[in-house]
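Chains here go by letter, A, B, C and D, matching the order in which they are written, and residues are numbered from 1 within each.
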Amino acid sequence: MTYEVKSLNEECGLFGIWGHPQAAQVTYFGLHSLQHRGQEGAGILSNDQGKLLRHRDTGLVSEVFKNPANLEKLTGQAAIGHVRYATAGEASIDNIQPFHFKFYDMEFGLAHNGNLTNTQTLKKELEHSGAIFSSSSDTEILAHLIRRSHNPSFIGKVKEALNTVKGGFAYLVMLEDKLIAALDPNGFRPLSIGKMANGAIVVSSETCAFEVVGAKWIRDVKPGELVVIDKEGIHYDRYTDETQLAICSMEYIYFSRPDSVIHGVNVHTARKNTGRRLAQEFKHKADIVVGVPNSSLSAASGFSEESGLPNEMGLIKNQYTQRTFIQPTRELREQGVRMKLSAVSSIVKGKRVVMVDDSIVRGTTSRRIVQLLREAGAAEVHVAIASPPLAYPCFYGIDIQTRKELIAANHTVEETCEIIGADSLTYLSLDGLIASIGLETDAPNGGLCVAYFDGKYPTPLYDYEEDYRKSLEEKTSFY
Amino acid sequence: MTYEVKSLNEECGLFGIWGHPQAAQVTYFGLHSLQHRGQEGAGILSNDQGKLLRHRDTGLVSEVFKNPANLEKLTGQAAIGHVRYATAGEASIDNIQPFHFKFYDMEFGLAHNGNLTNTQTLKKELEHSGAIFSSSSDTEILAHLIRRSHNPSFIGKVKEALNTVKGGFAYLVMLEDKLIAALDPNGFRPLSIGKMANGAIVVSSETCAFEVVGAKWIRDVKPGELVVIDKEGIHYDRYTDETQLAICSMEYIYFSRPDSVIHGVNVHTARKNTGRRLAQEFKHKADIVVGVPNSSLSAASGFSEESGLPNEMGLIKNQYTQRTFIQPTRELREQGVRMKLSAVSSIVKGKRVVMVDDSIVRGTTSRRIVQLLREAGAAEVHVAIASPPLAYPCFYGIDIQTRKELIAANHTVEETCEIIGADSLTYLSLDGLIASIGLETDAPNGGLCVAYFDGKYPTPLYDYEEDYRKSLEEKTSFY
Amino acid sequence: MTYEVKSLNEECGLFGIWGHPQAAQVTYFGLHSLQHRGQEGAGILSNDQGKLLRHRDTGLVSEVFKNPANLEKLTGQAAIGHVRYATAGEASIDNIQPFHFKFYDMEFGLAHNGNLTNTQTLKKELEHSGAIFSSSSDTEILAHLIRRSHNPSFIGKVKEALNTVKGGFAYLVMLEDKLIAALDPNGFRPLSIGKMANGAIVVSSETCAFEVVGAKWIRDVKPGELVVIDKEGIHYDRYTDETQLAICSMEYIYFSRPDSVIHGVNVHTARKNTGRRLAQEFKHKADIVVGVPNSSLSAASGFSEESGLPNEMGLIKNQYTQRTFIQPTRELREQGVRMKLSAVSSIVKGKRVVMVDDSIVRGTTSRRIVQLLREAGAAEVHVAIASPPLAYPCFYGIDIQTRKELIAANHTVEETCEIIGADSLTYLSLDGLIASIGLETDAPNGGLCVAYFDGKYPTPLYDYEEDYRKSLEEKTSFY
Amino acid sequence: MTYEVKSLNEECGLFGIWGHPQAAQVTYFGLHSLQHRGQEGAGILSNDQGKLLRHRDTGLVSEVFKNPANLEKLTGQAAIGHVRYATAGEASIDNIQPFHFKFYDMEFGLAHNGNLTNTQTLKKELEHSGAIFSSSSDTEILAHLIRRSHNPSFIGKVKEALNTVKGGFAYLVMLEDKLIAALDPNGFRPLSIGKMANGAIVVSSETCAFEVVGAKWIRDVKPGELVVIDKEGIHYDRYTDETQLAICSMEYIYFSRPDSVIHGVNVHTARKNTGRRLAQEFKHKADIVVGVPNSSLSAASGFSEESGLPNEMGLIKNQYTQRTFIQPTRELREQGVRMKLSAVSSIVKGKRVVMVDDSIVRGTTSRRIVQLLREAGAAEVHVAIASPPLAYPCFYGIDIQTRKELIAANHTVEETCEIIGADSLTYLSLDGLIASIGLETDAPNGGLCVAYFDGKYPTPLYDYEEDYRKSLEEKTSFY
């Protein structure tokens, strides 16, 4: 699939609601605003007086609910929803969430954003004692742990299960009479709570959903918290006290929508700050700033304001690009046929361009854009990246699994500059990144997880430990 | 249909190619870059050694050719393609172009962008003498005129027909051994010629398609011209000498893609200039500039640079909004559920905002956005429009048919400001518009058609004359 | 397409109704009962107080109207409908009927069953004088002739047009205030009139539709007749007096549904009679009779009753076979994988089987079935065909265009028997056929067209004359 | 859904193959021939060198595999397939088989035909000890029992599980290196083994699939057997010796295809025999025999031969009736609009008709057909049913769950005759049925399960026991 030029993907978005007569519809609009967090599948599970109803399918939210009947049948005053990102091999409908577990004596729904690090160990143990998994998703593990717990209360079972799984996770659990939200001990993934005018409580991976559904932000879920929402209201509880904030810095750099606010910091503002700081660290002469649409427009605007260079629309992204699109043949591609981005000759011709982008993964996209700008007549192309070199994998919920795919794990900045064909290449410093985001916290790295940049993971890696060690010794050439 | 918040629509886009082994595929990518000119239907007609082949359907280009077989069957070295905008009642597949006319002795294909002003008269005359129309499109008229001409040569027949139809038109005609492009005597609609590296000649409504297919611009088709492309190359001919350039100013203001160049002027640059000029004409105090995405971002950037006010991302457009989207119920809408645009509280809160937009049609969208900004905490909202008040209909190819739908045709600027709920409302002056676009020409109005602003039409209105006269006397209240 | 094992296809079915509040719905059910006359496309055109509305598409009636909205929008008290058979190259939606012709001063709908013999000549003449055809169907010719007629009344124009076209035709024409039905001077195609309990008048290619919609048969349309149905009732008129009944004998043999009655003779009864007569003409010893499902079951039953041999279910047809079915690969086919028909070993094993079929076209199907029966253990397979050898093409509406495809045009009965691998091959005699059908008429051949059997056509062949002459001299080997 | 006029449905069909390079394709054709056993869903699971691959969906086999890619991806030399009948509420894709169970150490596929009688008890026990079910199908129980068994070998685990489940079942289990087929201790459901010319072994619910895929029957699976097929060949094993043949008599009467052979008796022949016997037991005067198409044509033919009355095609079934069909409104239905069956006036008019049908469930269909025949002019309608009165539910795999739906459980034969509006009503005697089928066995009831007729179930009813007791005391009126 060539829809995403950038091979950097979030793994999912969550939305939940309690106390609204049209809970599923609100969830639909909430999920729509989280669509950028996962385009491969979506689902909603509603709660109609204790009875759980569900619809899920592959595709965008608008495709999954193309037939209005599929949304209308999800009656009830509470709901949870999920948008899913999936790697190619796992596109089966079985893996699309929310999951719905039914028993002779009760039922519950479950949705998950993140990645567990002790999946393999737990799955083996569970299957060894008779468990059957119906999906290849690590989310299902929590359900088995809950069901097998001997704790007498359901909340007690959930706490026990949350203390067993490791890694990055935000969970929503829908029960007959309550909605539960829980976050991992490091708060790797964002999760916020809001309130609608009619009193309904909403939970979302990003606050942008609150603007869309007309809700006001109340507060973010904290690391190690278990939030229970029922007809009495919101109850804040904890399943562990061993917590340390390490929110994923890529949420600010690339994933989240610019209008979202995470731990008090607006994403657009954070990006604009990275652009400003990058302009300070940038050492070359140039005529204009061109941001790579759409994710780098905020950083480009900050860079422009700080540097005084005009911010121009030198690259245009086709708004109609879709996954179903027929791709140019290799032959046509070589003849210059492109579908997604085009460079504007009349703007870049003869200019020394600062091309601002948020990050470089494999470098292929950067190389292609540099080439586009040169073909359109740019005199020089200086690439400025609003984050440090991405050199280490993520195990908490972003799809960067190996160092082999990361150009910065295998090449110096000079080599990378040569490979992408730029006149210069400037990365934002790690200190610059942390200062630009500027969370109010005493936690290390300003409360951010920056392991992709420095390789220092805030937790043990469990099942991934050995593979990771080995990977540090391997090198691949991107020339 | 709520896909387009703005009820201002272009009527179609054209792309043609001669001399490329994968002509239909290149046309597909060309049409994709013209998708903003029409989303209701698309089609391609190819020429395989004199045999014409066609596929057309309702929907986006990517939907019409979702099944790759439909594109692959369009073999041959030449093709013409069309993207169509349609008013609700005419969504039938019969009206989707290119048309394909087959006779016992020959066949030809035809695609059209624009609107004829003597349709009714001509259709009546033709039907009176036995003609049967297979569509409700005015495009078919040209085919009947060509077929009934007694001129011995096909080119002669086409010239005769072009001198009979009146209004705004760009035509592409595909024959067994040539491709013909023709433009109306005022050049209302844009049409450019380019060349690919392998020598193939391309024709497109906008030059953005040239960047996408890797072609170089050669020159624009001039008013009254008939361009014939065949294996010998390009032949520039004329069917009339009574010409006067009056290119539609809305192409610069709203329709065309920012990376297109029309008659030597880049659209983004023209828009940025309108923003600069608007900043000069603007008389209020403000803190930040916020462009309405996506069409007003260029103007907002010009406004920001000229005024020195920071250009902020205070409005976010959901990239995944699609026509198939389920709409919020009235109840949910009242509770604040929105799908397409959201305002960013953390940016606009407490700020005096200049909201830059390209134009106002009915005012409903403007009112909604002003309200969004206020709800997000904006202290003041000053609306600045990068074009003059839109007060008169267009008869040459834009879907503004009556004065009833135009707020500026029925209310003063002060009234409009009150209706949309803004603190102030500033329109760009007509002189400012003409100067900002700045075509190099001696033609009246700087070579632009600005009739929607001043009611002075560059041609007689023929069949529309009487209705138009009457409409000048009617008023509607938008309160 | 492998849906029809037999390459013998009817060209279309007609249904019309006047005076029913749910005219389109009744037409839908009527067309459904005529589905066997054409499976490639269907359409309905309704008349709502003079305004004509239409929906048509490729596929079965149930597929074309899968979305109930497409049927519901066809409001009004009158309608005409069409089911279409099409040769591969003409599957375009443009050719699907009813056609809908719109003019500035009136509109009409048109549907046609049959084939014209002077199409080429008329099309050439019409196009020469400026006509543009929007389809490759010969049906459109009538519309051009009507529109160009100088006769002052519409009925007069239609009569003039009907006297200009030649060949086999049944037409339905829907006007603002009337429904017209017309039949060719030989009555090649069947067309009957009925009445519903609520007084609505219905017209149908076959009377089976009357049973389905609860109508009573009134009378058949006669050769050369023009029937006008309006709010006053039914008016029987004629456009010519030079008529001679020659109803297509294949309607009785193969095409029509067994429950239809044509010119007073029930189709099942006619087929049973052919089976009885065939049994009399059959000269071999056998144990059981097996009809090829479904078209030959009536003949098999007659054969069994006359011969005293038991009628057994030795061949089973899969009821779920559909056009969308994936076909076995050649390899699987050779291994014996079959989809449509299977022979029942426990019935045919060791038996001398009379395999009764209605006709042989190319012989490939017969050969395959004979082989099936042998593989299932039949001791002998005697093929008995309930019609004479099919040796000449049809030009009046059946898709047998050339002698090359007809085994009986190229081989003797003995050779054919050898090619299909049977122990014996018996055809019904032409006299036997005529006697079995037994119409009450003085017309030649008992009022039947039997030209496919004896090459004596009841009319001149016009545009087909020359090709036909040549074809008589060519031979092809089917070994 | 109105597709099935008769509310009597089989629950599923199975097909398996081992040792064929195109195993999934052969399974596709096999399932196609079993389509009458279930139309709601279908799936195939293939085995490519130990790796299991699957595709399943709702709809007919041809719909599920409409996209050939879904079949082509099922590579490998072995496969199992399933067609599914489902009650309305369970149409979810989660319930469509084959199931595919994956574990860290192995995987297996599972398909099931039949119904367990101790489902509730087993599910409760399993869930109590931590099991999570991913479907509402009773099939999944076997997988949990297998996985939790402590028996060291997989075959041992399967045997243990088979001894735990009760009721009617035929299972196919696909393992990495073998295919297992198993039948319940009473052999309620049919299951046969065959061999293709290339040596591939096939297993099928009905032998009709063998004719279709070109296989030869080897032998039927016996009650209590476990058949293991691997590269060494076929191994016949048993999991219990407490067996007693009681094959479902409805397989002969209604469900199976006429060309299938079950336990040595051809279904068409059995039905013809029931017709013969019914003619002997029939006491009324009549002129013609008319079978209700398609299931009663064999019985009608036997009745005709025995009675000497002609067998006529007095009822015609539309071959194109599909599930997607739009239904007549109540108003149209009252006006006589019908879609599926029509009576042939020219055949039945004035005749005393014996209407032969296989069974009566609720009586609504019979009443409708009797009325059709009377409206078409039948002088008398004598209904003759080729099986005894259906008065008791089935718990082994047929969808007759309650006595409330059975007219014969609530009314005498005389009352039923009155309700359906017939002149007389004759049921075949139970002895007549058993004699007509005539299995070679010493088992009670000639080896048949006839509990639906006499209420004597060959096994305990387990979880159904109590409900059944209660139902015996309830009565419903069908007047």
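Keep in mind that, in the parts below, contacts are C-beta pairs under 8 Å (C-beta built on N, C-alpha and C of every residue); 3 or more make two chains touch, one makes a residue touch a chain.
Heads up on the chains, UniProt names are A, B, C, D = Amidophosphoribosyltransferase.
Worth saying up front: this structure is predicted, and the values here are computed from it rather than measured.
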| item | value |
| --- | --- |
| Touch-network distance, subunit B to subunit D, counted in steps | 2 |
| Centre-of-Cα separation between subunit B and subunit A, whole angstrom | 37 |
| Separation of mean Cα positions, subunit C and subunit A [Å, integer] | 62 |
| Centre distance in Å when subunit A and subunit D are each reduced to the mean of their C-alpha atoms | 50 |
| Multi-partner residues of subunit A (at least 2 other chains) | none |
| Chains that touch, pairwise | A-B, A-D, B-C, C-D |
| Touching residues on subunit A, where the partner in the complex is subunit B | 22, 25-26, 28-29, 32-33, 35-36, 39, 60-63, 65-66, 68, 71, 196-198, 208, 211-215, 257-259, 261, 266, 268-269, 294, 297-298, 301, 305, 310-313, 316, 318-322, 324-326, 328-329, 331-332, 335-339, 342-347, 376 |
| Residue numbers on subunit D that touch subunit A, as the complex places them | 93, 101-105, 120, 123-124, 127, 129-134, 136, 140, 143-144, 147-148 |
